[in-house]
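In the two assemblies presented below, chain A is common to both, partnered first by chain B and then by chain C.
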Partner chain A sequence: MNQLKDLVGKNLRQYGIMLALVVIVITFAAITGGKLVQPNNVAALIGQNAYVLILALGMLLVIIAGHIDLSVGSGVALIGAIIGYQMSVWQVPWGWAVLTGLGVGLLIGAWQGFWVAFVKIPAFVVTLAGMLLFRGLDQVIAARTMASLPQGFVNISNGFLPRFFGALKNPFAGWLIPSGSVFARNLDGVTMAIGLFAVLGLGFQAWRNRSSQKEHGIPVPPLSLAIVRWVLLSIAILAVTFVLSMNTPGATPILRGTPILLILLGILILVYSFVTSRTVFGRHVYAVGGNRNAALLSGVNTRLTDFMIFVNMGFLTAVAAIVTTSRAGNASAQAGTGYELDAIASCFIGGTAVTGGIGRVSGAMIGALIMGVLNMGLSIARVNANWQMAIKGLVLLIAVTLDLVSKRRSKVA
Partner chain B sequence: MKLKKLAAGAIGAVLALGLTACANENANSTATTTGSNPTSGAATTGAPAAAGGLVGISMPTTTLERWNNDGKNLVDKLKGMGYTTDLEYADNKPELQVSQLENMINADAKVLVIAAIDGTVLGPVLQTAADAGIKVIAYDRLINGTKNVDYYATFDNEKVGTLQGQFIETQLGLKDGKGPFNLEPFAGSPDDNNAKFFFKGAWDVLLPYVQSGKLVVPSGKSPASVDEWQNIGIQAWKTETAQAEMQNRLNSYYSGGAKVDVVLSPNDSLALGIEQALQGAGYQVGTDWPVITGQDGDLANVKNMLAGLQSMTVWKDTRELGDQAAKMVDQIMKGTTVDVNNNTYDNGVKVVPAYLLTPKVVTKDTVESLLVGSGFYKKDQLGL
Partner chain C sequence: MDDRDGRDDYILEMRGINKEFPGVKALQDVTLNVRRGEVHAICGENGAGKSTLMKVLSGVHPAGSYTGDIVFEGQVCHFHTIKDSEKQGIVIIHQELALSPYLSIAENIFLGNERAKAGVVDWRKTTEEAQELLRRVGLDEDPARRIVDIGVGKQQLVEIAKALSKKVKLLILDEPTAALNDDDSENLLQLIRQLRDQGITCIMISHKLGEIEEIADTTTVIRDGQTIESLDMHGTEPVSQERIIRGMVGRSLESRFPEHTATIGDEVLRIEDWTVYHPIDTGRQVVKGASLDIHRGEIVGLAGLMGAGRTELAMSLFGGTYGTRISGRVYKDGQEISTRTVQEAMSHGIAYATEDRKRFGLNLIQTVKENITSAGLGQLAKLGVIETDAETGIAEDYRQSLDIKTPSIEVAASKLSGGNQQKVVLAKWIYTDPDVLILDEPTRGIDVGAKYEIYVIMNRLADAGKGVLMISSELPELLGVCDRIFTLSEGRITGCLARAEATPEALMTLMTLETIKKDDLK
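Now for the complex of A and B:
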């Protein structure tokens, strides 16, 4: 019995912030009369928050290792300006512009990594300097907003996967959902297939983890609990893909399919979940952040680890720049302002420790989505821009407080 | 040790570079200082008539194209009238601007034309100018907190909104009783005082039609009065915020098949985001693309106008401002009455007599005559 209580407590702790996201979604869905969860808004949510999700992946590693990066917003602007300039002034093919953008991102990361890892300048100072340096250079290059970017490039963030499987009949239309509703549209086959694939993959992964833990004599939670967990997550994933598969351009019933961005994000999230939990580099990051001296004495190359963390951040900054510029369809000097704080906030909301050493990819992603849902929900609910900021501040504080208090309580018990 | 010194030096250099770049942001085209509070004030000068005196011109920075043009234009005009000029740029540093002004005063300038970097720090140096009997014209940006500013030449911000509102009125035929049309209004940054004037000008024209039902706002984001403009403000004039906001409105309030007919956008950076959102929602030029307003004549937006994605932009021809300032200098020098047309700009100490210029409406058809003809853009920049 005690064991069960312990298990439930542990899981609640882990899923506390996810619960907060669910509560926020339900609250705003209610306030907006269901508008928040309409298919087109769900698709828009991905586009509006892709940059935070991407940057938070890099920021997570930075913060776990006990650093901070204030330069990512300016980095996004500078790389966006470089990409935009090449495409609109030099008319280079967009694929080339994207590649050079990624290259510049790696250079930026190496530059900051050099100062942090080898010269031992605090990351706060290095990246504060970077924030000013990159913004200045950005304003030189993007003195004028550069628009009319090539369609292929714009499609990265605004395009959709080809709809190989056509449309499926909505099984709920007509009886559970009235046929005129936006939720009664046909379903895009590809989107549903991806959702199904995710559900099966999740189950397979959980089963493999479980058997490998058993093999190594690590105690595992009861099978029933594992199944309940899988079923709940599956319902959530299928519900999201169900709604998303009905997204259309405007009020028309023509299906658009899966946003390309969703695939890009999915791949990145999978890769970084793997990197943080399964690779030597990932474990080194946690070790360095948890106790730098202990890590050093255990033979971890802390310098190289620090350097690579920033190179990685530079790379993801470039990816975010590509996505942001593509979504806007233009490169402007003001792009990316405040992105660093969005990424940092997502990590902290998602349970990353300010002191380093602790943090999960899933947490940071949920943190980013909480902010995104708040932004969209407050906008649809017609809340004044000034109050939107104030309310966001309070909700963030409450969400993190609830999360931390529950963690402390379960630690005492 | 050596490396540490090197690093410190590098960071110092980097900081200096970055800070200079940041300061340039202050010179945004939609960000000039304004004030309100209507009172009255006389507008004549007692300066002695003396053709050929020295005119000091103090401009913020050479890093923005517009100030280079402003300075050159003023010098050309004034030289043509027979005056000598001293044009200085202060690298966006307020203290440098103060010392440059001191030098002009010592050089016996008769009139100072000042585009202030920081409108609040010039009090002491302008007192010196006043003691020497020098007249001061605030150029584009109001100089605050001193009685020693004699005239103010700028563009009429409220008129920007009025032009946008009237454009919508005529385009849709609201005066002829046409309608109802679906309108989505936007306003500028809630922390920018100018944004209020832009919105007031437009809403004074459009609100009666909203009240009579000829304009409908399906999103409900329709301020009941001008004072509630912040409800629909876009923080920091950000293009991406406007894009997300328009996307949310389209997804949430137009899912029943209604179409947007007109968007009131206070400036071009917002219009750019709104246009991107409309494209994403499947709106097409020539069939259901709405009327969209703008301001500033930004290059990307002018290109969009040519492609039919934006209906108009309100454009401030800064050379007209230079012409007006030169005229005021001439009138001061000759001792005649100085032209002013507005007595509402209160700088905290006094009401500064002002001459407000009317901005111009540019549409697809007048891009070439107004923007290319004036040299604001070159033909190949616009792909014409």
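Now for the complex of A and C:
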């Protein structure tokens, strides 16, 4: 009985935040008269917030291990400046610029990891120093904004998958979509196929986990609950892919389809879900964050773990830098301002423990989406940027308060 | 109520106390009557409800969250906070001391109760009154010293001084000697006697039955949230430890230690001339040229008073996790090895289960399963990827073979009782398949029944050809379980007694050898 309660309680917290996301989406869809969920805006939402999702993946590990990284915004700017300079001034091939960008990211991570892991300087101090250091270097390199980047590079964030199936006739035109709308004409088959594939994969994975848990005598939630969960997730995925499959840029009736960026994000999220739940490294991160001394005495190489966490953060900072620079089409000194706060806020909204040891990729991603929908929705609703910031601050506070209060309650039970 | 000899002058009566947590009846109709000016011991297994009862009494669980009456000095009381109960003169000192480490002794004594005028601390008055209180508890320390700079025994005395500053009438001590060595414990018991003579009533929760026998006037036994009996310790029939144990466990333990015949094999581990310096006070030797050996199939004890260097010896050996300038030689199966890092020590088949489960042994927020596999995770992984199904199987196996009582292996380790947490720690190390297990206070803070199970596990490990080194503060335990016992005194090995020749007196003599020599020199 207690077990069931525990299981439901744990999931409720997870669902609670998903529910919050749904409520926020519906609220803004209503406020903006449906504009928020228009295909072109959904695509833009992904493009504009990819950096938050990417950085939150790295920040999640940093925070689980009991650290913090304040330097990622400056890191994004510095790496963006370095790749922009190479392409714009030296005219190097963009593939080479991307590779060196990733290399610089790893170096930045190793630099910070060295101080945190081996010299034992608190990460708050090391990354505060990094924040200033990287921003300063960035401003030296990007003294003037570097524009006219190669098209191949710009396509990373602005391109779309090829439409192998061409433009299909939209079967929903006339009833779900007003037939007069620019979105009503055609539909991209590739995008729909990706959605279907994701839904089936999700179902298979859930079924496999469930049967293996059963086999080992671990109590599983009732089948009906599992099916409801799968159906709800499937509806969400199909809804997003359906909307995206109708993506046309505003008034011109050119069908676009799935952003390349979405595929990149999907791969990263899958990889990091795997890293946190299935790998020795992931387990060590949780062990170090939960009880550093116990981890050390269990033979975990805590220094190497700390070091690798920051190297990984550096790598993802570089990925975020590439995506951001590609999307903007230029590298400027002010890039990445405040990104570290977005990433940290996403983790905390997603239920990552401030004290370390607890946190999930799914939570951090939902947290990042909540931040993204707020950004987008408030912009479409033409809310002043200053008010946007204030509202995001309050949402962060409320989300973490709800999370902690529910945890406290479940602890008493 | 009959009033023989006026002895039924109760300072405290707790009547029909019921306390429920969601899904658990923690206390059921508990009655506790404490006479004025007595030392009243409360015994019970872990989870019996002792601490809950004291939390009800002190207002941690506020009035309204339980049913029943608390009558203190003839008045029905409704305490909503600790402050309320303290106002009436009821002060509780918890097992984990509530002192602020970087504040001075004097500041701690008056914390929350500052000697001040209009919000400005009166330092002269603070110091003077602190000195007076320290004198009363027999602590000869400068009130300006910081708490971190004095030992646990002295910290306990500061807690009592703090209680006295609040004009305490009823002092509640929760496991006061759990972290103290024998000398400090004896001191503390002496102080409790003095306080009793000054008219302060004392409730003491303790696992140490010897202590209870020595000091208590009345002993109340609690089991499964119910009062089982109240024993008059000065009655016509003396109350034996076995008598109390019977009440605690609801059955008579034929023996507190399992029968075991050791099959002793070759030497598995030997250390020679092991010397360790203090990590901060680097000029001070904590372990001084210690040598000892362990054979396969053997349970070797390491006895010593608190501060003798037992844990320091073990941890310095286990990957240098304690101390600096560690020197000496280690031989495994006759071959000299190095154990400078935990990984290196583990690769040579050495395991160390810490004395401090919560701080060093477990990750309380991770599941039982993840804790069990945390040290041997490498065996479960291919190319850094964990075989999760196999992991579940392993954890499930240990849950069954060590009888770990948990609703499931997916429950956080924090939800388990002390004895079961200890089993999780043992499982974690057994899974690394070590040749030598160093168990540091493996039965500290766990109840009688669980202790027995731990001994059985130790015997099984020895029978499987492993060498076991057990560090313990409880001499009866060492005498009941070990094949040989080394004694450590002030960092030096002072002797090694075989089971047959070991007696508590002989061990204690060796454990205090150095100290006695020094006294002779004076």
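Keep in mind that, in the parts below, the second predicted complex is superposed on the first by the 392 of 413 C-alpha atoms of A that agree within 3 Å, B and C clash if a C-alpha of one lies under 4 Å from a C-alpha of the other, contacts with A are read in each partner's own complex, and residues count from 1 in each chain.
Everything below uses one rule, namely that a contact is a pair of C-beta atoms (placed from the backbone, for glycine too) under 8 Å apart; a residue touches a chain by one contact, two chains touch by 3 or more.
Quick caveat, the model's predicted, so the values are computed rather than measured.
K.L.:
If chain A is used to align the two complexes, do chain B and chain C fit next to each other or clash?
P.N.:
fit
K.L.:
A:44 contacts which: chain B (first), chain C (second), both, neither?
P.N.:
Touch partner of A:44: chain B, not chain C.
K.L.:
Taking the superposition on A as described, I'd like to know which of chain B and chain C A:352 touches: first, second, both or neither.
P.N.:
Neither partner.
K.L.:
Examine A:158 and indicate which partner it touches, taking first as chain B and second as chain C; both and neither are also allowed.
P.N.:
The first partner, chain B, only.
K.L.:
Considering only the touch criterion stated at the top, classify A:305 as touching first (chain B), second (chain C), both, or neither.
P.N.:
After superposing on A, A:305 lies clear of both chain B and chain C.
K.L.:
When the two structures are overlaid on chain A, which partner does A:297 contact: first (chain B), second (chain C), both, or neither?
P.N.:
It touches chain C, and chain B stays clear.
K.L.:
Have a look at where A:334 lands relative to chain B and chain C in the superposition and call it first, second, both or neither.
P.N.:
The first partner, chain B, only.
K.L.:
First (chain B), second (chain C), both or neither: which does A:140 touch?
P.N.:
A:140 contacts chain B only, not chain C.
K.L.:
Counting touched residues of chain A, say whether chain B or chain C comes out ahead.
P.N.:
B
K.L.:
Go through the superposed model and pick first if A:241 touches only chain B, second if only chain C, both, or neither.
P.N.:
Touch status of A:241: no partner.
K.L.:
After the two structures are laid over each other on chain A, how near do the C-alpha atoms of chain B and chain C get, in Å?
P.N.:
The answer is 13 Å, the least C-alpha separation in the overlay.
K.L.:
So in the complex, which bits of chain C are touching chain A?
P.N.:
21-23, 318, 321, 342-343, 346, 352, 354, 359-366, 370, 374-375, 377-378, 381, 384-386, 388-389, 392-393, 396, 407-411, 428, 432
K.L.:
Would you mind writing out the residues of chain B in touch with chain A in their complex?
P.N.:
3-4, 7, 11, 14-15, 17-22, 24-25, 65, 190, 219-221, 230-240, 243-245, 247-259, 269, 272-273, 276, 279-283, 298-300, 303-304
K.L.:
Would you pull the chain A residues touching chain C in the complex into a rising list?
P.N.:
For this pair, the touching residues of chain A are 1-3, 6, 212-213, 215-219, 278-281, 283, 286-287, 290-291, 293-301, 353, 357-358, 412-413.
K.L.:
Going by the contact rule set out above, which residues of chain A touch chain B in the complex?
P.N.:
32, 35-36, 38, 40-41, 44, 47-48, 115, 119, 121, 125-126, 129-133, 135-137, 139-140, 143-148, 158, 182, 249-252, 324, 327-330, 332, 334-335, 337, 375-376, 379-380, 382, 384-386, 389
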